[in-house]
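Here the structure comes first, spelled out in structure tokens, and everything after it is commentary.
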Amino acid sequence: VLALAGCAKPDPDASLAPGAPALTKITVQLDWVPEPEHGGLFQAQARGWFREAGLDVTLVPGGPNALVNQRIATGQADIGQGESVTTLLDVQKGLPLLQVAAVFQNDPSVFLLHADNPVRDFKDLNGRKIMARPAWIFLDYLRQKYAIDFTIIPFNFSVANFIADKGFIQQGYYIAEPFFITQGGAPAPRYLYAWDAGYDSYGVLIANRDWARRNPAALRAFLAAYIRGWRDYIEGDPAPSHAALKAANDKNTDAFMDFSRAMIVKEKLVVGRDAPDSARIGRLDPARYATQLKIVEDLKLLPTGALKVSDVMTTEYLPAP
Amino acid sequence: MIPPPLIHCQALAKRFDPAGPAVLGPLDLAVAPGEFVSVLGPSGCGKSTLLRLISGLLAPTSGALTIAGRPPGTLDDLAYVFQDATLLPWLRVEANVETLLRLRRVPATERARRRDAALGLVRLTEKARAYPRQLSGGQRMRVSLARALALEPRVLLLDEPFGALDEMTRDHLGEELLAIRARQAWTALFVTHSVAEAVFLSSRILILAPHPGRIAHDLAVELPYPRNQETRRAPDYLRLVAEVSARLRAVEPAEASAA
Amino acid sequence: MSPRLLRRLPPLVLAGLFLAGWQGLHHALPLGRRFLFPSLPQLAEAFEVHGPALLGAAGHTALASLGGFALAALVAAGASLLLASSTLVRQALYPYLMGLQMVPVIIVAPILILWVGPGAPSVIIVTFLITFFPLVVNTTQGLLSVEQAHLDLFRMGRAARWQELLLLRAPAALPYFFTGLRIAAILAPIGALTADYLVGSTSGGRSGLGITALLFSARNEIPGLYATAVVGCALGFALVSIVSGLAWLALHRWHDSYTPSDS
Amino acid sequence: MSPRLLRRLPPLVLAGLFLAGWQGLHHALPLGRRFLFPSLPQLAEAFEVHGPALLGAAGHTALASLGGFALAALVAAGASLLLASSTLVRQALYPYLMGLQMVPVIIVAPILILWVGPGAPSVIIVTFLITFFPLVVNTTQGLLSVEQAHLDLFRMGRAARWQELLLLRAPAALPYFFTGLRIAAILAPIGALTADYLVGSTSGGRSGLGITALLFSARNEIPGLYATAVVGCALGFALVSIVSGLAWLALHRWHDSYTPSDS
Amino acid sequence: MIPPPLIHCQALAKRFDPAGPAVLGPLDLAVAPGEFVSVLGPSGCGKSTLLRLISGLLAPTSGALTIAGRPPGTLDDLAYVFQDATLLPWLRVEANVETLLRLRRVPATERARRRDAALGLVRLTEKARAYPRQLSGGQRMRVSLARALALEPRVLLLDEPFGALDEMTRDHLGEELLAIRARQAWTALFVTHSVAEAVFLSSRILILAPHPGRIAHDLAVELPYPRNQETRRAPDYLRLVAEVSARLRAVEPAEASAA
């Protein structure tokens, strides 16, 4: 911890010193505009830990059309942040993708409901209207598992309808949307968690498979610094990350970032809900991937046996536990 | 008792370009009901401008103008045969002839009757179903004339209605015009370039001089109505034609002075 | 070769070139990006696999396109007549109509979902908003572009304002109106598709082309995405053909754009 | 009151009514939904708070609108001349141009983002695609709507095809072209806004009104969202004014839509 | 040796409606170089149709037609003054007059020279900067005439070019036409409704009969050139005018049979 403090103010010219080895350039594609969901990355970047590891990392903001997996596949980014189950399908389509580390042990996409909504569990969703991304595989999973159906309204990145309509149900990142909902005058919403239905997907870092194979050392160094960034962000002072996030996206208010970080911490999203300590930051569990593959196979989104766990993920670039 | 003039211009003047010279007037004119006034004058002297002022399509720059004691453009019983045929290209000949009647909301049967009569008069009955673009130039002008006549107006403004027609059709239509006039008693202002026609048809002839347009001569035609082929051989008629011709020729051509 | 065949030839040749170019482009791409631009066989396969789903989605979108289009045509005709009726009305109202076109759907979407509810009615409304304006601009310009000589005729005939509008300006504006309709016909399916993913809804696998496209896109089913686009284009072409037929019926007898070469 | 003031009055009255109606609508809404339709003071406050950010975003979108619009005007003029040059060319090419318009941006967006990259060039291309087609349809119709008598004149004069196009059809098509430009001018800012949303850069300070609107929407900053729309509209009005000015310069001397009432 | 005909029609016929009656012909006509042929006939008999066929703007339904031995529409040195002025509304008068020269890619200075000459001839020099909509009907026709004359053509087709003009302007332009013809030696087909004008100007007169349009009379005008005011008083001239008038009147009017 003392060592960390010493590095809080990196010397920006260190890399330019004559004879210093050239930094390895890494481009990271974010899935959305910079927000605390990218807190670890920005913390590591702000603290200079990537540079320290010999890396020159560029964080590319995403948006409604981030195309993370496509940009990684086409080599426009080396690494990107995304969601694990969807990525399985992309791998099957031939995109050279490899999941290399967890961002969130549980993907924070949940259903948001008003507290007094009569819907109590997934079965009650039958016949309801839900605003969600139509391509969210969890929806197919629900229909199959509970033999229910519901009407999907395409997700439009807005919580206006939720605030205005007491019966409204929508998908949301529960580390972000609830903030805007309460700010908009509505009471704090209730959540239905996907994992409670047995749908346990990760928020992940995805790398270009070929790039990873050619740059194992850089990737390892990157992941080590990245995990260090997350740990520092949730256990230490988030100020450097928040300052960087604000610089990258001026719509980030302190109140919002504090809320979002608090949710990440409270819900143990990064460390894992059942983990005793922070040792599981970034960890991926092959067993969970087997479950995820089974889910998409059962949904007929993937031919049975088309992919093995080792085709989609690896833990070899993660630092030793 | 002299009837009040139907068309009454006092110091009427028009200039298009506020900075430029006047195109017409100042001009004084009183036309009594029932008069058939021919207007002669060189090209560009202001004949059409005069008719457009009287019809209310143009506003005078200065001077006063009343038709039947009312401001121009307020009289329902006025028809104007423009210098161009201005048929509506999307209507068949029959519908074009009915256009003005339709604007007056004349009932359909009455409209059809008047339309057929007018088409017969201009000898275009067989072209009733044709579109304007299938007509010859002269046929188009005749449709335009039929459209005005179908209105059975009180005041008729005619701007060279026979310009595109052969002599026989001209004579025929001239005689028809006089026949209708005997029945319907309208007042006409008739622009033409044919002196013989002017003399044959009208009770009064105005010769306009250009730069600016003004009345150079105002001649009464004292030949008795009804007029017919006899009239065309009458010595009075021939004398008048010669006189009007000479006076018209004495008026300088519109642009000659500048050329 | 018959002259008729000869006239048919260039479009056919061009179509052949187009398809060959398509296939060539696919193969010219670096392997890693080839997935972005499916080959023709891939496209054909997508049609086979997703055919029924696409057909169903096309049905939804076709209805919405037609609904939005018809609504736009009617309202635009009315609005244009109003706008053309006086300079005053035009100066006062035109800015608001322009504003209507310029309001981003992103603002309209939540309001529609709240008040109208997601699904067909909202999709029709957004399609209407997208197709409406080109029609108004064109029709209004047509109504204003009447020949002065014809206006003089109607003024001379002491036509009432509404007579001038309906008997003169309206028929004279038809060529402009149909030009607007042609634009609207092309915008309608693409508008309905866009509207579908903004304010549409899907349940039981039934949705319009927009949500279908969204699904294909999010799941990286690129051939399916292209197949969706092709179906959307087909709708557009169908609508344009209908409009062209109507334009022919209304104009060929008298308008100069339809003059046969020999007359 | 002077007649001039009298003519200014109705638009002013209407604007007053519009603003009053706006404010009234806000208050007429049930409390829980009032946030969806901000009041005028809220809007004013949004302008105050977000003014500098909006101005920057507006700058980006203005550049993209202008770029896309200018590109569309140029390419459309060229394409229309080509299309009007022969029936054969028209029959062969028109469907592809229509197809171009009908390809959903949802397909174009990934291709652009992956090949051109997110940011200004992509935004300009999408804006171009959105504004291009109404221009082509209008201009082509204008080029085809030449009076038969004038065509006869040029045929009699044994004009070369290009002379007929440039000396006869092109000037005769100007009223149609400007109608198309007017539509394009209105579509350009809203198109650029949409394009920004789809393929714009999200890097702080480099995004346009589309991303700004998206973020306001995602953050439920409804007054900010409306303020963004107002800025977009302002861009549209500015562009339309320019086009109207150009149209006046090109047409008022001879076209019947500009005939002064007195001549 | 007889020169080969410049305009040569053999059994030339035109019908617009494939099912309907023929509008023109079959008609045989040979016009030698240098002839000035006037075409007279009732409205709608097919005069304009004949000119449009010769200019190549209309394709014959049957029969053969050559101009200078070549198919119609291939001759550079042909000018056609249409029955309507057909000025381009977006061009000033001066540019309108230059239009055909521009199509022939005549250099600018030469174009300006010819334009000024032609405008002077039709006495519209002072209207050079005006737009067509600022002209009177007769002025527009004169601009149209100037446009054709500026071309200095070998074959000139004139469709009632003087129909909208007053007598003085008509006479003036007729004389100018003859003067230019003496210098430039073109061949003209001149449609008119004025018998006097036809006799005064032409070396040959065709009288068309309608239903279908066909040549009823083909008369040579043996009056010596140059013609001038003297000619108009010559007994031969007056006799010819009377004869042509009589023959024209003997031809039934176009639509009378049907009316």
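Labels for the chains are A, B, C, D and E, by order of writing; each one numbers its residues from 1.
Operating definition for what follows: contacts are C-beta pairs under 8 Å (C-beta built on N, C-alpha and C of every residue); 3 or more make two chains touch, one makes a residue touch a chain.
Fair warning: this is a prediction, and the values are worked out from it, not measured in the lab.
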| item | value |
| --- | --- |
| Chain whose average C-alpha position is farthest from subunit B's own | A |
| Most distant chain from subunit E by Cα centroid | A |
| Chain centre separation in whole Å, for subunit D relative to subunit C (CA means) | 16 |
| Gap in Å, rounded to a whole number, between the CA centres of subunit B and subunit A | 87 |
| Centroid distance [mean C-alpha coordinates] between subunit E and subunit B, Å | 27 |
| Centroid distance [mean C-alpha coordinates] between subunit E and subunit D, Å | 50 |
| Subunit A, residues touching no fewer than two other chains | 70, 74, 156, 158, 160, 164 |
| Two or more partner chains touched - positions in subunit B | 16, 84, 133-134 |
| Contacts with 2+ other chains: residues of subunit D | 33, 36, 110, 114, 147-148, 197, 214, 217, 255, 259, 263 |
| List of subunit B residues in touch with subunit C within their complex | 52, 55-57, 73, 76, 78-80, 82, 84, 86, 88-90, 99-100, 102-104, 131-134 |
| List of subunit A residues in touch with subunit D within their complex | 33-34, 60-65, 67, 70-71, 74, 76, 156-160, 163-164, 180-181, 183-185, 247-251, 256 |
| Of subunit C, residues touching subunit A in the complex | 32-33, 35-36, 106, 109-110, 113-114, 118-119, 197-204, 207, 210-211, 214-215, 217-221 |
| Contact set on subunit D toward subunit C in their complex | 7, 10-11, 14, 18, 33, 36-37, 88-89, 91-93, 95-96, 98-99, 101-107, 110-111, 114, 133-134, 137-138, 141, 144-148, 151, 175-176, 179, 182-183, 186-187, 189-190, 193-194, 197, 210, 213-214, 217, 225-226, 228-229, 232-233, 236-237, 240, 255-257, 259 |
| Complex interface listing, subunit B residues touching subunit E | 16, 40-44, 47-49, 83-84, 120, 123-127, 134-139, 142, 159-160, 163-170, 172, 193-195, 245, 248-249, 253-256, 258-259 |
